[in-house]
Structures are given as C-alpha cells and as structure tokens.
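Chain nomenclature is as follows: A, B, C, D and E, assigned in order of appearance, with residue numbering initiated at 1 for each chain independently.
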C-alpha cells in the first residue's frame, strides 16, 4: 500500500481530537474554575486548590497530552507523506451542483471534490502547521494548566489544526474556502475563549466579521474563477489571460487582505490578542494569518497574468509593513508589539508577493513562523510569570530571573530584527532583493521597515529583560513544558535561514542572485535599529520620552494607531450619529455599548434606519390601509342615522342620480 | 274542473296551496287550542313542508311547463329557488321554537306567517306575470313586516318593523310604478309579451329606462343592495334573531329570483342600459356592506352589513351575464342559505347580540363555536367551504367576461370581510369570558339545524361535486 | 299623456310627504298617494291599450294598499303602546 | 398502495381520533399527537429510498376525481422538489409537537388538534398537483395557524394573528384570481378545462396573459415568502407565535411561497418570469440586506430570528430570480436549510422562554456558563444560519449566489454582503445572550437542555451537519425537476 | 275646451290639491279629509278613463275602508293631541328639493317617451270586461290576494291587540 493513500488521515487526527473533546467535554465543557470569577489569567493558586481541582476532574490532565498526541501523529504522518512524493487524492464528490454555462459558452457543472493535493507548497505549509502546532499544544499544557475550560481549549485548538490542514491540503478553491472559514471559526472561538470578558468576545466578533468581509471577496472570486475556467480544481485550471481575470485576482487579494490583516482590514489582529497567548502564537502569528500569503501563492498563475493587481498587492504590503511597524514603536503591551510586528512582517510578505517573489514570501512565512511563534510563546512565558502583566512599563530585569525565557527571546528578537546569519536575515534579504529589482520605493519601504523592526524589537527586549524590575510580582521561571518548545523553535530561528536556496529549488523557483549591497544594507539597518534601541532604552533611559516630545504630532499619530479605528468609528458611527436628534444619540450609546467596530457599526446604524422605515413606512402603509378601512367604516356607518326618512331620501336621491345619468348619457 | 282552472293549473299551484293550507291550519289550531297546541305546531309545519317538497319534486319530474296562460312557469329555475325557500323555511322553523319560548312570544301565528311568506315567495320564483309577481311579493313582504315586529314588547322590534314597513311600502310603490310602466310599454302584464315589446325598443329608450330605474330600485331594495340597503341593518338588528335569519335568506333570495326573472327575461335585451347601474350597485354594496361591518359591535348588525355585501357579490354574478355567472349565483345562493342560517343560529344559541357576548364562548360550547368558524369562513369565501365555491364561480364568470377590475374589487373585499368575520372568532376563541354564563338557547331543533347547516357548508366545500351538479342541473335545464 | 303627468305629480307629492312629514300616520297616507299614482298610470294605460289588465292590476294595488295600511297601522299601534309617540324621527334606537 | 394519500390522511385521521380523547387526559392527548406525527415521519422517510431520481415527472401519483364539473382532481404526486419539502414537513411536525410537551398547559387538546390540522394542510400543499387543491391547502393552513398564534401566543397575539391571516389572505385572493384566469385560459386551449399542473404546462400562453398571471401569482406567493415589502406580518407573527407555531411557520409555511414560485410561476409563465426576474432579484437583494440590517437592531431575541428569516428567504427568492438550474436548486436546498437552522433557533428561543419568560436580549447574558449544552447547540444553529461551510447554510447560499452570478454579477455582489451582515447580527446576538458574565441573577442556575429537548434539536443538528458535509444526495434528488424547470425557462 | 277636458282639469285639481293638502295639513284629521278629497278626484279620473268598476271600487274600498281605518287609528292614538308639535322634520327642504330634482328628471324622461299605438277598448261593459279579465287571465293573483289579505288581517290583529 502506498503511503500516500493514507494522506487523508493527516487532518483526521486533529479532527478526532476535536470531536473527542466535544464528546467527552460535554459535562465539563466549561470548567467551574472560570465560573468562580477568574478572568483567565492566573492568580496564585495554592497547591491545595489545584489538587482539589484535579481530584474532582480526574481526566483533566489527560486532555493536553491527548490532543498534542493527535497533532504529533499528524505531524509524523505528514513527514511521511512529504517524503513520499507529490500526489492528489480525491475522497468524494462534495458539492455536486447543476450545469451552467461558463464565460466561453461551454456547459460545465458546478462541482467540488473533497480532495487533497500534496505538492511542495502544501507540504511546506502542512509541516509548518503540524510542527508548530504540536509545539504550541505542548506549551499550552503547562500554560493553561490552571485555566478552566480545557476541553474547550484543546478541542478548539485541534479543530483549528484540522481546518488549517484542510485549507492547505485542499485540491480546489472551494474546499480551501472550507478551511479558510473554518480557521476563522476556530479563531473566533479561541479569541473569545475567556468569554466572560467583554473585550474578548468583542475582539472575537471583530475578527470574524473583518474576515468575513474578505470572505465575501473570496466567494465572488470563486464565481469568477468558476465561470472563467469551469472548474475550481487547482490541477485543472489552465491559467490563461481573460478579460475578467483581474477581477478574480483582485477579489482573491481582498480575501487575503482580510485573513492576513493587511490595510485596511488589519485592526482585528491587535484586538485578537485577547485570546490566550499560545493561541496568539499559533494562529495570529505563525499559521492562520499566513493563509492569505498561501492563497496568493496558490493563485500565483493568475497573479502573474494580472500585473496590475500584483502592484496593488505590493503597495498594500509596503504600506502595511511601514505603518504597522511604526505603530509597534509606541505600544506598551508586549503582545500588541508582537501583533503589530506580525502585521508588519505580513506586509513584507505581501510586498514580496506583489513583486513576484512568491518563494521569498513563502520562505519568510516559514522563518517568521519560527521566530514569531517563539517570541509569542516567550512573551507568554513572561506574562505567565508576571501573573498576567502585559505592560512593558512594569517589566524589566527579567533576564536573571527567567534565564531560559530570556535566552530564547533574545534569539527570537535577533532573528526577527534580521541579525545577520539568523533566519530572519535571510528571508528578509530575499524579499529586499526582489523588491530592489522591482522598485526602489518598495525597497526603501522594506528597508525602513527593517530598521523600525530592529528598533522596536530591541525596545521590547531591553524593556523586558534589562534594567531593573519595575513591577511587584513574585517571579519564577516557567516550567519545562513551556521552555522546551521555546528551545525547539529557536533551532528553527537560528537555522532555517540557511536553507533558502534548496527551499526555492524545491518550490521550483529561481531566487534572484544575492546582491551584496542589499545584504550589507539590511545588516546595517538591523544593527543600527538595535543600537538605537539600546541607546534609547538602556544607555540613556528617558531619551525616548524626550524624542517623543520632540515629534509630538508623530507620536500622537502612532499612539492613535494612525487613527484607523477612530476613522472607522467616526465615518461609520459618529458621522451618522451626529446628524440625528435625540433618538440617534440614544442609539449611539447603544452602539458604543455594542462594542463591535468597523463595518458592524455602520450596518447597525443603517439597520436602525431600516427598522425605523419598517415600523413607520412599510408597516405604516399596511396599518394605514387597515386604519383607513376602519376609518372609512365610520362615514359609511354614520350614513345610517336611524331615521327612516333619511333612508328614503337616499333612495330618492339615488333614483334622481341614476335618472340624471341616463339623461346625461342620451344628451 | 273548469277550463279556467285545469289540472295543470292546479298542479302548478299545488305547493303554494299546500303552504297556504298548512299556514291557515296553524292559525286555526292556534286559535282553537290556544296554549296547549304550541308544542305541536312544529309537527304541523314540518309535514306541511315535507308535502310541499314532495310536490315540488313531482313538479320537477315534468318541468318545464306553464300554467294559467303563462302566468306561472314551472321551470328548473323556479324549482331551484323553491327548494331553497323550502330549506330555509324548514331550518327557520326548527331554530325558532326554543327561541320564541325564551322571548316569551311563542305564538302560533309565527309559523303560519313563516309558511305564508314562503307561499308568497313561491310566486316570485315561478311567476311570469306582473300582477302575480306583485301580489306574491307583497304577501311575502307583509308576512315579514309582521314577523319583524313579532316581539311586540320590544321597542327595537317595533321600530325595526315600522322602518321596514315604511320603506318597504315605499319601495313597493316605486316597484308598482315601474310595473305600470312595463304595462304601458307592452299593454300586457305577461313577461313574454313585455319581453317582445322591450326588445322592439332601443336599449336606452326613455320608457325602458324609466322602467329599469323604478323596477331595479324596488328589487334592489328587497335584496338590500346599496344604495337601497339602508333599512337592512336596522331591520335585521331589531327583528327576532330567527326572523333575521329568515329575512336575510328567504326574502333576499326570493327577491333575487325576481331580479333574475325580470332582468334576464323581459329586460334582457336592455342589458346595455341596466348593466352600469347594477355594476354601481354591486360595488356600492360591497363597499358599504364590508366597510360598515368592520367597526360594528353588534353581531347581528355585523351580519346584516355583511349580507349587503353578499348582495353585491350576487349582483356581480348577474353583471357577468354569462352561464358561469348564473351558475355562480345558484351556487352562491345555495351556500348562502346554509352558512347564513348557520351563523344566525349560533348567535341564537349564544343568546346575545353584542360581539362581546361571544367572549369565551368556545371554551363553554365548542360544539357551537367550531361550526361557527366554518360558517364565518364560508361567509368570507375561504376554502374548503361552500362559500368559496360561490365566490369562485362569480370570479370565474367575471374573468371570463373580461371584467378583471370587478373581480379584483370583489377579491379585495374578501380580505376586509375576513377581518370583521374573524372578530367574532376572536371573541369566541381568543378572548376570555367577561361575565357569568348566559342562558343558552339550545334545543333539539337548533342542534339538528346546526348539524345540517354545518355539514352542508363544510361538506359542499370539501366534496362539492353533487352540489354543483344539482345547482347546474336546476339552472341550466 | 296628461294622465301620466297627473300620476307623476301624485307620485312626487306622495314622495314629498314621505320625506318631510314627521307624523307616521301621514307618512302612511303618503304611501297611499303613491299607490294611487300607480293606479292612475295603470288605468290610463289600460285605456290606451284597450284592455282591462291595467284596471285589474289597479284593483290588486288597491288591495295591497289596504293590506299595507292595515299592517302599518297595526305596527303603529304596537309602537305607540311602547313608545307613546308617532313621530318618525323619534324612532331611532337602531342606527349605525 | 396510495402512499401519498395515506401520508396526507394520517394527520387528519389522527385529528379525528384525537377529538375523541377527553380533553382532560392531557398526557394521552400529547402522546397520541406525537405518535401520529412520528408515524407520519415513519411513513414519509421511505419515500427517500423509493424515489426514482432519474425519472422525470411526478412519482407516486394518486389520482382521484374530485370536482369533475370544474375539472379539478384530487391529484397527489411528488418530484424531487416536493419530496424534500414533504420530508422537511414530516420531520418538523413531530419536532414541533414534542417541543410543545411542557409549554402548552392550557387547552392542550385544541393545541394538538390545530397542530395536526396544520400538518395536514402543509403536507397537502406540497403534495397536490392540482391547482385548485393547491389553493385549498394554501388557505387551509391559515386557520390553524391563526389559532396557534391567537390562543397560545405572546402578549400581542391578537394583533399578530389577524395580521398574519389578513396579509396572507389578501395575497391569496389575488392568487385565486390568477388560478381562475389560468384555468380559463386553459379552457380556451385544452380540450377539457383542468387545474392539473402537468396539463397546464402544455399551454401556449401569450406574453400578455403570462404577465398578468405571473403578477397575480406573485402577489400571493410574495406575501407568503415574504418578500420585501410584504414582510411586515412576519416578525409579528413569529414573535407572538408559540414555539411550535414559529417552528412550523418559519420551517414550512414560508416555503409555500417559494414552492409556489418553483412549482407554478416559473414553469408556467417562463417568458413573464424572465421579464420579471430583475425585479424579483432586486426585491430579494433588498430583502437580504434589509432583513439583516433590521435584525441588527432588534432588542427581542425572537424578533431578531424572525427578521433573519426575511434575509434568508431573500436568498431563496434570489436563487429563483436567477432562473437557472443552480439558482433554483440552491433555492430549494436553501429552503430546506432555512427550515432546519431557523427551526433550531426558534426551538432554542422557545426553550429559553419557557425558563425565563422573557425574550428581551438585554435580560440575558452569560447563559453559556450555566447552560453549556444549550450554548453549544445554539452556536451550531447560529453558524448554520450564518452560512459557515460544512454546515447546511453554506451550500445553499453558495449555489444560489453562483446561480445569481451567472445572470448578473452585481446581484451576487450585493447579496454576498448579506452573508457578512448575517454573521454580524447572529454573532452579536450570541454574544449578548450566551457570553459575558451573568448579570441577571435570574439567569443563574437555569436547567440545561432536557432529554426531550435534546430529542428535538438533535435530528436538526445532525441534518445540518449532514447536508453541509455531504450535500450531493440532495442535489441528486433535485437534479431532474430543476433541470426541467430551467429548461423551460431557457427556451 | 271640451267638457271632458274640463272634467279632467277639475278632477286633477281635486286629486292633486287634495294630495297637497293631505301632506301639508297640521292636523291629522284634516289631512285624512284632504286625502279623501284627493281620492275622490282620482276616482273621478277613473270615471273619465271609462273605468267605472274602479270608480266604484275606489270610493267603496278607499274612502269607505282605508280612510275609515286611518281615522280610527287617529282617534285611537289621539293624534290631535300632538298638533302643537313640529309637523315637518328639520331637513324637510332637503327632502323637498330631492323630490323636485327626481321629479324633473323623471318628467324629462317621460316627455321623451313614446307609447305604442293606442288600441280601442272592446265594446263590452266595463264591469263585465273587468270581471272576465280578472277571473280568466288573473285567477292566480286573485287567489293569492286572499292570502295577502289573510296575512294582513292576522298580522294587524296580532300586532295591534293588547298584550296578554
């Protein structure tokens, strides 16, 4: 039996895990812990309580390892599959719709298989998803040990892995969309994990809705592709120019922009940090957000045929990279810094996609997955140690108290900053090289981003681990189950960069020849950024504040996150709200209470208008009819005076009128 | 028998003679036996009706034929309506017994007058000569004037009778004036002669127009079509409920028979002249009847207004002027007999006239409330009830003759009608009772009548074939 | 045609009486006038057409008039016993 | 064996027997009604196996003379479209009955009698192939629904009941005129005037007649669906109806309108339908967006679900307006889907109302803490309704949108935003009711779903998942009839 | 002006004048007497029209029967006690106006009317003619009218008798 025949098993393992959690966890679906008032971050638990919990829920300890095991199985299986070769496996016909005419007039049938495609591109993603997914599962066992809702947590995590695998293994665009939406669902569930906290559920909704806007684009893209090619299967789509192809690629880009948190749909990602930190690491740094990149790489033939959309991609990517990086400069929340950094790095990847360096983008995806996951998990470790504290201003000097965490974070920071020789350096370099070939502006943006990246990462590192501790918590190093994954990831952070050429070869791409100038520039920028950060935050603490005063407007702009959220709020909410009178302001309160940003706001505002029109206009018309029927009843009734003579009068009058009519007619 | 009065003549007259005979018998027995006889009067009335029916059936075997030189024509048309009169009278007799006892006006004359009214109506259906028709009409009307005022101690009954009489006599006068013009046109009172004379004139001949005006005013009054409807709500409300039922059904369809006889017979060639008039009357009836009913608080009055609206639908059938329209009228009237009497008899069982009196009725007497829903649905014209078939045919006739707007108007008023009919349902089923139990006027006769009307109303809706065959055969032979 | 004019005038006078008087007895009289108008018509046409049908009709109309008057006055008496009035516009319990 | 006749007669026979049970024996009444409806389901399910998917035309035809004078027959039969709707009806009937077990304490016997009558009417409508019979059943359902809302409904039940009745009736009288006019047209062309749909399909109707007829039927069906701007009866009726009423109203009654379009309007008046399609599509899109936007503003849980129905039914009519095979197939499937997911939502609202006696969203919050199973089921219902892939809603919406896209790209583009908005109001609802902390002490310690309640939701959950994961058999059933209809429309 | 015309105008004046007085007199008794005058005028017209039988019937039936009935009732309900009351209701001008309008319309219609050619009466005595016609051609109404009168008698007795 060919090992590849068992390809379908890869996503099945985590699905099994998820299903198992759902079944078993029915009774402890939500653990009592969470009900007792914890908001998810840990207070000091005395052992007794912990023991108590354990004895009450005997199987609790099993959850994490079980789920991790499923993902590990998946990982091992995919290793086997990847080395067995490339293949396509169709399990069954999933959607089997009706025939319809394609644009070229042929009758084709709307079908989509449930089938998997294993090629280098998906192989890379599968390995990354299962590998990093496994590490994060392991890490979570310890990180979440004191949290309630473990069944739910690990169930959702497994569900996420399942959907992510469906996404990257799908052999057609429709099945890909299943994974695409599925990871959105998992993301919703996990961001809102601490569902008693309003910000968490708000953030979850926001993430889901902003993604949905992209998804709407995806759906439309699907229809275009279907009509152009008559099929959605990757291997059957023969890329050829078509006047409507730009629409398809543009819509695909919109979908990718949503999923990968690019301008203008990026504001959900920082909010998504409301989820547990491992979730941030897994989904909002390493895997899910790169689905956009994956999609564009998958759709590479179409993007190649539509250079104008490519340029737009690059522009969006560059702008996102610079803007997000600049916002990261002033963030105080350690996870927010990393979140903006993620957006910024995703921007770089989009820039690479836009200039046609698909392999470079993918390469950066891989390296970024290593060091960003590592950084998030490290941050998680810090947060864990500080019992939920996330503000950089109350950290400092942790390097001695948490040596393992410090070392791995240090490696990760350097890798992200692009320290020569580490993973980030090489992947970023590939992008910059391609950008240089395409346009100096893009190159400049990339380089500037690199500078900013090095700076804010340096800032993060120095503020967290150097100097004196500014908080008041009892600090302890995290357990092995948390630090070991960190170390495993740092292997990747250090070494992954050296495989650039074989990686490109595997994908069948020819990388741009290395340009020493770019390399040097990139290295210089990285070192400079770190150096400035050192100067600002370690050497001369307070410099930063002075600088901020010096460029106050800029700082304000950055603090306000370039006013994106405010812009959405202003345009969609206040702009309309101010016009209305009192009821609108009442509504405003309701809207503000509602807590959902962005399009949702506008929708609800318009929704209120529609409700109003429904009550007063549509229903009003109906009620008016009913009312006028009733009203007209009265005149008819009041003709009936009760006086016999007025009845007779009407008879005579009618006779007169009728006679008059006949006279007029004959006249 | 002399040659003035042949066997055929006798045979043609026999049902009316029987009715008159039994009517007189009732008067006589009441006079001779007094109080004691009253329980047995029903036993006199029903056999009388049964014998009448027997003879109607025998007439049906050899119909059509004419008697008295054409003064009476026994044809399918006349027999059909006479069967309806017979059913109506029987049902009314059945439901009246206990009701009159409760009202403490249980007098023998009542049943006699019911039979006399039917005897008068007999001539409206079969009469083909103006004087016969006029005298028949007046016999019926006079009986009704008395019946409406039958509750002598009730001011409302007095008042209703008075208004009905004044206006009825006035309209009879106008009708008689119209008849005199018809006589002037033809020099004869036989409809066949008049038909020829009218046909010889143009449709808009002034004399014809005058005749049409006055005749239609007189008859439209009797079928309570707007704008000659004003007496109806008052008379219906004030009359004893059983009489209201009889008035709403018997008087109306008898006058309808006359309307059809005249307008399809002698005046048929002047259709061009009277059609707009009837269209106006139909629309006005629909409008007035339906709209005024919407806000009524008295159930009898509500049904009175609705009966005005029904007159409108019947007129639409005549306006359509094709065979389907006639079938529609036949089926509509057939259904109308059962559903209207059914609705009134439930009101009698409630023994209350205000809609509020019905509150919570369904909880206490579901056996009456559920049939009432059927009657009301049928009155509104919803399937699967007999009333639907009538409306169906009327609409079909209108569409066949290209009168789409009229069909739409008629259809639109169905919704309005349902609204007020369902106010009664709302009271019975959805609202809680507001007071202690009222005396309930149930009796064996009432229950039998309820069963009969309910079964026919629903049964004819679910499996209408036999009813349609019946109506079709009776009218199209 | 003269008789027809008389008839019409009679009809109108009767109608006017019916429409304007309050006294029910006089209203009933007005109805008699209307029926008389009919009779004039009938008899006039009877002569015009040279047959007696109109006259026969008139006889029946007279009979009807008698009957209506009798019943009308009977109702009037019943009403009078209950209400002590013969003014038609005071009889308006039933309306709307 | 007259299978369909038996299926149709069962609730009626059950009703007659039920009337013989004394009203005081409440449990006997309940058990009997449930048994009858379950029996109906058992009778209906084998149809799925026995149905020949390859055959064109109607199957299991039962033909009896009914009113030969009019040319109306008692003619029952199904094709793939009605098969699905009959199965849905047969499933939702017992579910609605079971869901009402504890909810209806007053006038229990009448309640179940109405339920059985309603079931009879609904099945009859989907089974009948004779227009007059169709119309009779179209009206028959109104009465029991009126009573269901009016007797066992919420505070404004009187208003809602009559509004529902009048609205639908107003539409149906126009529908009746259309049927009559069609019959008449048939009488002019056919040897024998008839109401049989299959015979009427042979007519060659002039375009002008088609137009009039199409719009007459449109009024009747559009009100039933309901399409904007005829939709305002729906929120009131839904909100005030008892749970069983809402379930059947949303699950089945609304489909009568769309079914009417598929069965009558589109195949019979293809040219007029082609002309009217843009109007239909625009109205549908308005309904999709409008319904969704209004849902966003609702403060009442049940009303929100009701308005969401407007939006979802908008998708169904949009699919029809596309006039092609994918649009129509998607529309039919979406009707089923809407029946499943919205019924689920209504059931859950009903269950929470039984516990808390309020439906104001503001009164809730944090229910997930005490009622995790409820929260789980509700989440599935929400995502199914929001059209998440692998659940039923997505398949239908996707197919509909694809069908619409083929005709006009703008239609699809506008409608796609309905999906975004759908997620918005549903998730927001979920957040406000299920998530957060318990703010209102009354919400603490509410019992989770009982076994009986599970029994009502589980079939729907499984069906939602089954359709989402493997929709192929559903399309297979629809293929023949939908292609036939699309073929007529394309000609 | 011939004699017949003279008589015609005389009787017409009597009939219409009496009618006008009947509906305008304040006293019900006066009105009844005016009605009698009017009916006499009509009877005269019958005579002019060669309807001798009707002339007699009019005088006996109407003046002897109906008018007596009216007078009897007028006494019974003591109508003259109400002489002081308003005799016309408030909206009487409206009633009069409508009557006039209807009258004008009818008159115009009549003025355009064309009757069929006149025929001559058969040359037999009027009473004989009427009797023949009545009992040969109109036997049915003759029988039915007995029912009518029976109903009238029973009805008026029923309504008018003092309650038990």
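We take it that a residue touches a chain if its C-beta (ideal position, glycine included) is under 8 Å from a C-beta of that chain, and two chains touch if they have at least 3 such contacts.
On a predicted model such as this, the values are computed, not experimentally measured, just so you know.
Could you tell me which chains make contact with chain A and chain E both?
Output, common partners of chain A and chain E: B, C.
By CA centroids, point me to the most central chain in this structure.
It is chain D that sits nearest the middle.
If you tally contacting C-beta pairs, which comes out ahead, A-C or A-D? Let me know.
Taking the two pairs in turn, the one with more contacts turns out to be A-D.
Tell me which chain's centre, taken as the mean of its C-alpha atoms, is farthest from chain E.
A
Just the number, please: Cα centre separation of chain B and chain C in whole Å.
About 25 Å, centre to centre.
Centre to centre, by mean C-alpha position, how many angstrom separate chain C and chain D?
64
What is the distance in Å between the mean C-alpha positions of chain B and chain E?
31
Using mean C-alpha positions as chain centres, tell me how far chain D is from chain E in Å, no decimals.
Averaging C-alpha atoms per chain gives centres 71 Å apart.
Specify, in ascending order, the residues of chain A that touch 2 or more different other chains.
626, 637, 640, 642-646, 648-649, 652-653, 655, 659, 662, 666, in rising order.
Would you mind listing the residues of chain C that make contact with two or more other chains?
14-15, 18-20, 28, 45, 48-51, 53, 56, 60, 63-64, 67-68, 71, 74-76, 78, 81, 88-89, 91-95, in rising order.
Got the chain B residues that touch at least 2 other chains?
Within chain B, residues 131, 134-135, 138, 142, 145-146, 149, 152-153, 161-163, 166, 170, 174, 184, 187, 206, 209-210, 233-234, 419 contact more than one other chain.
So, with touch as defined above, which chain pairs make the list?
Touch list across chains, by label: A-B, A-C, A-D, A-E, B-C, B-D, B-E, C-E.
Which residues of chain B touch chain C once you look at their complex with the stated criterion?
130-131, 134-135, 138, 142, 145-146, 149, 152-156, 158-163, 165-166, 169-170, 172-174, 176-177, 179-181, 183-184, 187-189, 233-234, 237-238
Can you list the residues on chain D that touch chain B in the complex?
Within the complex, chain D touches chain B at residues 65-70, 107, 135-136, 139-140, 142-143, 146-147, 150-151, 157-158, 161-162, 165-166, 169-170, 173-174, 176-177, 180-181, 183-184, 212.
Please give the residue numbers of chain B that touch chain A in the complex, ascending.
Residues of chain B touching chain A: 162-163, 166-167, 170-171, 174, 204, 206, 209-210, 213-214, 217, 221, 227-228, 230-231, 233-234, 273, 276-277, 287-288, 291-296, 416, 419.
In the complex, go through chain E and note every residue touching chain C.
8, 12, 15-16, 19-20, 22-23, 28, 31-32, 35, 38-39, 42, 45-46, 49-51, 53-54, 57-58, 61-62, 65-66, 69-70, 73-74, 76-77, 79, 82, 85-89, 92, 95-96, 98-100, 102-103, 106-107, 110, 115-116, 118-122, 126, 129-130, 132-134, 137-138, 141, 145, 148-149, 151-153, 155-160, 162-163
Provide the residue numbers of chain C that touch chain A in the complex, in ascending order.
15, 18-20, 88-89, 91-96
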